[in-house]
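I've put the structures underneath this note.
Two complexes come next, and they have one chain in common, chain A, joined by chain B in the first and chain C in the second.
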Partner chain A sequence: MKENKKTVSVFQKKKRADNIAGYLFLLPAIVTFLLFIGGPMILSLGLSFFDYNLIQPPEFTGLKNLRKFLIDPQVRVSFANTFKFLLILVPVHCIGGLILAFMVSSVRSSRLKSVYRGAIYFPTIVTTASVAIVWAYLFGTDTGVINYFVRQLGGTNIPWLTNKVMVYITIALFSFWKFIGTAFLYYFIGLQNIPDVYYEAARIDGAGTLQVFFRITLPLLSSTIFFVIVTNIISVFQIFEEPFIITNGGPGTATKTISFYIYEIAFKQVKTGYGCLLAFSVFLIILAVTIIQFAGQKKWVTYDYE
Partner chain B sequence: MLKVKSGRNIRGLILHLLLMLLCTLMLLPFCWVISTSLRLPGESFKVPPSFFPTDFYYRNYLDVFSKFPFARFMMNSILVAVTTVILNLLVTTMAGYAFARIPFKGRNTVFMILLAGMMIPAQATMILVYVVMSKLGLVGSLWAIILPATINPLSIFFVRQFMMTIPGSYEEAAYIDGAGRVQIYLKIILPMSKSVIVMTSLLNFMASWNNFMGPLIYLSDWDQMTLPIGLRVLQGYMGTGSIGVILAGVAISIIIPTFLYLAGQKYFMQGMTLSGLKS
Partner chain C sequence: MKKRALAILLAGVMMFGLAACGGSQNAADTNESTGNDAGGAAAQETEADTEADGGQEEMTESGTTGGGDTTVRLAWLGSGQDKEALDACLQKFTDKTGIGVETVYIPGNWSEYFTKMQTMIAGGDYIDCAYVAVEGFEMFIDTGMAAPIDDWIAAHQEEYESTVGDIDPNMLEKVKFDGHVYAIPEEWNNVVTHFNTNLLEEAGLSLPDENWTKEEFLEYCEKLTVEKDGVKQYGCVLPDGYFAVEAWLYNFGAAYMNDDFTRSTINSPEAVEAFQLMQDLIYEYGYAPIPEKNVDIIQQLIDGNVAMGFWGRWPTNNYNANGFTDVAVQYIPSFHQNQPICGVGGIFVMKDSQNPDAAASLANYIGSAEFIEKFMAAGAIPVLDSVAQKLVPELGYPENNKIYYESAKTAISVQAPVQYPECDALVTRVLSDILVNKADVQSTLDAAAAEMDSYLLDNIE
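The block that comes next holds the complex of A and B.
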């Protein structure tokens, strides 16, 4: 009995020690999280109710910013542009990356496989701003390299960056080239992690390539696909550098995204309060979209297949 | 039987052709950058454009250093990236260890809150962080770019996933020998997490090297600028006359991450695979 009591107290002591140790190890993460992510997030909601220009003290204006938000035509334009990017870029990455990963992982030779993998992933590691500058040159209307070849093939100059529709295609091409490596790599690794026994079993049953893809690969990859879609949507909501460097939001306001608009409001016009409201609205939309995705995933995502 | 095999061969051939075409297209812009950066200033837009160097006008590479504070840009970028990676690694591995190996109360709740941080867009926190930095007098300082990057929920997620795969028996043995949590973290868990450490370090290095928004809002002095923002300013200065100098700068800015990636590739892939996305 006495022995038993002792072990219990040792156990409790260890439990308490674990609690303390756990939070001590987490301390740097918690502090930096509160300082740079959680804290600013909550405070920005508060600052949405103020007029503030960094110099004079914040002035409480209640719902003024919100009323402005509702009638601001720039808000509508920049959200609409952001949604256009979502509609184009999310499928490009989530489906394009999957197709590429499937192609590369079905290559037999392991050396060629790593060459292909390296080439596809390579643009992902280089500086976005640098290569965006390069693309602005390549896709120039009169002096651009791409249009030179278009003319050689008998075409006329394509307004890659100066036409409201073409500019989306140009940025989609850039985005594919620059960032496809991220989705590709997640899928590629997901495919590698699928145990061979599943494929062997399917082969014995005489399943064809497409059948294997839809019946085995896709379901077993669903958790990776879900992860890629969720993170991709979050990052496209924040698309900034591509329009900022390649098109400067143009032509006109055709590629002005919500991030671009927030940058203008908060840092160019220094309307800090209104900028906070815009930023918070983006957060709420991302939150809603992500919650919907998590609610929907139960229908199609499988975990723990091993 | 023979038919099946030749069908498979043709399919394999098409696969290789498609992939080779794609990989060529992926690498072609880099060929253009390098060949154009080695051209005479007046011939940047010479037609037909060449994807292989035709001249070897290396002066562009000297000019970018002599006419602009490009060496400063590079030093600043390296300083920011290295400091970010080190601080981030400390925060990330400690948190990853706690989440993966210590059964403390409220672990899942804290972890979920942290992961939810991934949904918070950078713009949403940036304005408030800017306000605080400006109060602290850090606008124009590299610390304003380093400090917010020390926390990255995705890195913590990866490290936790990886550390959960380390067998518990190592820790138990150390426990019996009287080791404490700190010793286990330093002497057992960290050395065994080499690949995930290399992987997150590379990802964070590249994120820092690429960071555009931060330098854009915080840095306005030539002396403080990092590469991405410096190149952007250079682009404005050069107009459309000679782009050879800018492209020389672009080429240099690409070299360091490429080298690091190639050096760490093996661990990078290992870390990616083992910290897999099955949670």
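The block that comes next holds the complex of A and C.
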């Protein structure tokens, strides 16, 4: 009996020690999170109840910023535009990246595969702002290179950046070229991780290419697809550089996104309190959307390859 | 035991790594506080600006040498491309007074310049004096960033009078608020019509009279809009921002708001007429291109793609850089009247200055003829009448350049309330909606007036 108690005690001690070691390993991540993410988030929530222009002391204004938030037409416009970008860019990246990854992984020559991989991923390592400027020049209505060739071919100027519908296509084209590499890479790695044995078995059973894709590739890639969708939605919610550099939020307010509006309020008008409230609202929306996605993933995502 | 020790050691190493990262962050903060780099709240926009301009737009510092114990920190708009010239001019001040000058160049437009300065001050950095344009006057005073210099003037009456004695009283009034003097004015700008004279000549046109009418303007636009080798040459580009648009409004007898900045008048019948004409110039007549963010419209005039544009004297910097001198200027068409606009710039002494007297002395020197004659060959109009009359023609172009300084007496200041950043953003949006989205002018301006009224509510006593 005594022996048994001693064993339990030693086991508990070891467990406690392991726990402490585990927490110590977690500590850097927790401290980093609290210092650079959690702390600023709480500070941001706190500042939402103040008027603060950086020069004069913050002035407590209670729910004034919240009331303004609820009636501010620019908030509605900015969120509506952000959702339009979500509806366009998330499918473009998630489906486009998958198609490219599938096509490249089907290439037999390893040299060609490397070339395609490099070509598709290269734009993602270039600074967005610098290439966005170049694209903006390419898409100019009267002075742009693309419209020059359109005119040479007998066409008329396409309003790439001066039409509120066309401008979404322009940004989607840029976004596809610039960011598709990230989704592509995740899918490409995901495809490499699917064991060949499933494909061999399918071939033996006489499955066609489409059947293999829909019955084997897609289900076994679902965890990667889920990851790409989640990260894409989060990044599109924060879309800023494209409208800021290419369109300046225009024409009118056609491409003014919520991040762009936060920038205008917090950094151009120096209304830090209201800017914090806007930022916190975006955080809450992203959090809610992500929670819904994680709740829904149980129905279609598989992590089991065996 | 070994495992536990190893775990603790590893955790310690990781914590050290984190602490080291924290150190880097502190280093960045220190840079910010010395003005070498931009961080904190403004970091995102500075980064965006920097990236947008190919990494060139960082805060720069320069300074004079041989100063004594006192050094004054001066904030200056720009990325420091003129720092050798500015340092050389300020060196004379240092040689005379023994006061050193450390210049902090802050890149960006006016709104960004003010924001970055606010961030620097909020971050514990200090600025003794700053170059500020009229767009920031009210904001600088309202937020308590600037301090009046009445005491310094009382103690240095002669020195002050020798500087400002030659300034038109109309201009001098712009730096006075509630009976206090806050700055020494240095330069100003108006908005006039710029003509590419080569294109005028090709169209058989000469420079119009100073009171040219709307009908004459449209006739010029028609004759100057032609198709050349499949490329359209436009008669004019439209005014592209708050200042230039208000210059048009003034000539229509309109304005963005009333005189005490308490109510918007952007939807007055005259303003509607002005914005309607701008829209018609694009869509009805085809005389002007649709404005686009990334098109340099001054360069378009230089390249001969457009014949007329509406700016102050600032394009002379672009003209100089391009060796382009085939340009003439005339007042904006007298749509209803000829009412020139002005935007004054001057040196403000900051409330938290560590050397307010030395800062005021520097401000006074920058406003003096000695400084301006050496520094301001192009770009702005010297606020000193005699210097303007000498320097502006000395450049040799544009033709009819006397209109830059002869309107000093009658020019009305651009309207820049404390809420300038909000109003500026609103006007930019309205312009884009009307000129690019082809939105209905009246309803767009009605909505804009309501929004502007909500900004101006705070100005009602």
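Quick notes
Following the convention adopted for this analysis, the second predicted complex is superposed on the first by the 277 of 306 C-alpha atoms of A that agree within 3 Å, B and C clash if a C-alpha of one lies under 4 Å from a C-alpha of the other, contacts with A are read in each partner's own complex, and residues count from 1 in each chain.
One rule holds in what follows: contacts are C-beta pairs under 8 Å (C-beta built on N, C-alpha and C of every residue); 3 or more make two chains touch, one makes a residue touch a chain.
It should be emphasised that the depicted structure is a prediction, and the values quoted were computed from it without experimental measurement.
In the superposed model, A:Ala266 makes contact with both chain B and chain C. When the shared chain is aligned, no partner comes close enough to touch A:Ala201: not chain B, not chain C. Within the superposed three-chain model, A:Trp177 lies in touch with chain B and out of touch with chain C [touch as defined at top]. Contacts of A:Thr32 after superposition: both chain B and chain C are touched. In the superposed model, A:Thr162 lies in contact with chain C only, and not with chain B.
Legend: residue contacts after superposition of the two complexes on their common chain; A:Ile133 is shown touching both chain B and chain C. Of the two partner chains placed by the overlay, only chain B lies in contact with A:Thr290; chain C stays clear of it. By the touch criterion defined above, A:Leu63 reaches neither chain B nor chain C.
Considering which of chain B and chain C touches more of chain A, the answer is B. In the superposition on chain A, A:Ile95 makes contact with neither chain B nor chain C. Taken together, the two complexes place residues 20-21, 25, 27-28, 32, 35, 54, 127-130, 133, 137, 143, 152, 240-241, 244-245, 263, 266-267, 272 of chain A in contact with chain B and also with chain C. Contact residues of chain A toward chain B in the complex are 18-23, 25-30, 32-33, 35-41, 43-44, 47, 52, 54, 100, 103-104, 106-108, 112, 115-116, 118-120, 122-123, 125-131, 133-135, 137-138, 143, 145, 148, 152, 177, 185-186, 189-190, 192-193, 223-224, 227, 231, 234, 237-238, 240-241, 244-245, 259, 262-263, 266-267, 272, 275-276, 278-280, 282-283, 286-287, 290, 303-304. Here chain C touches chain A in the complex through residues 3-4, 7-8, 10-11, 14-15, 17-18, 21-22, 41-42, 44-45, 48, 51-52, 54, 111-112, 115, 118-119, 121-122, 143-145, 230, 232, 289-290, 292-295, 300, 305, 421-422, 425, 428-429, 432-433, 436-437, 439, 451, going by the rule given at the top. For chain B in complex with chain A, the residues that touch the partner chain are 12, 15-16, 18-19, 22-23, 25-27, 29-30, 32-33, 45, 47-49, 90-92, 94-95, 97-99, 102-105, 107, 110, 113-114, 117-132, 134, 147-148, 150-151, 153-154, 156, 181, 185, 206, 209-210, 212-213, 216-217, 227-229, 231-232, 235, 240, 243, 246-247, 249-250, 253-254, 257-258, 261, 265, 269, 272-273, 276-279. Against chain C, in their complex, chain A makes its touches with residues 17, 20-21, 24-25, 27-28, 31-32, 35, 53-56, 73, 127-130, 133, 136-137, 140-143, 151-152, 159, 161-162, 164, 240-241, 244-254, 263-264, 266-270, 272.
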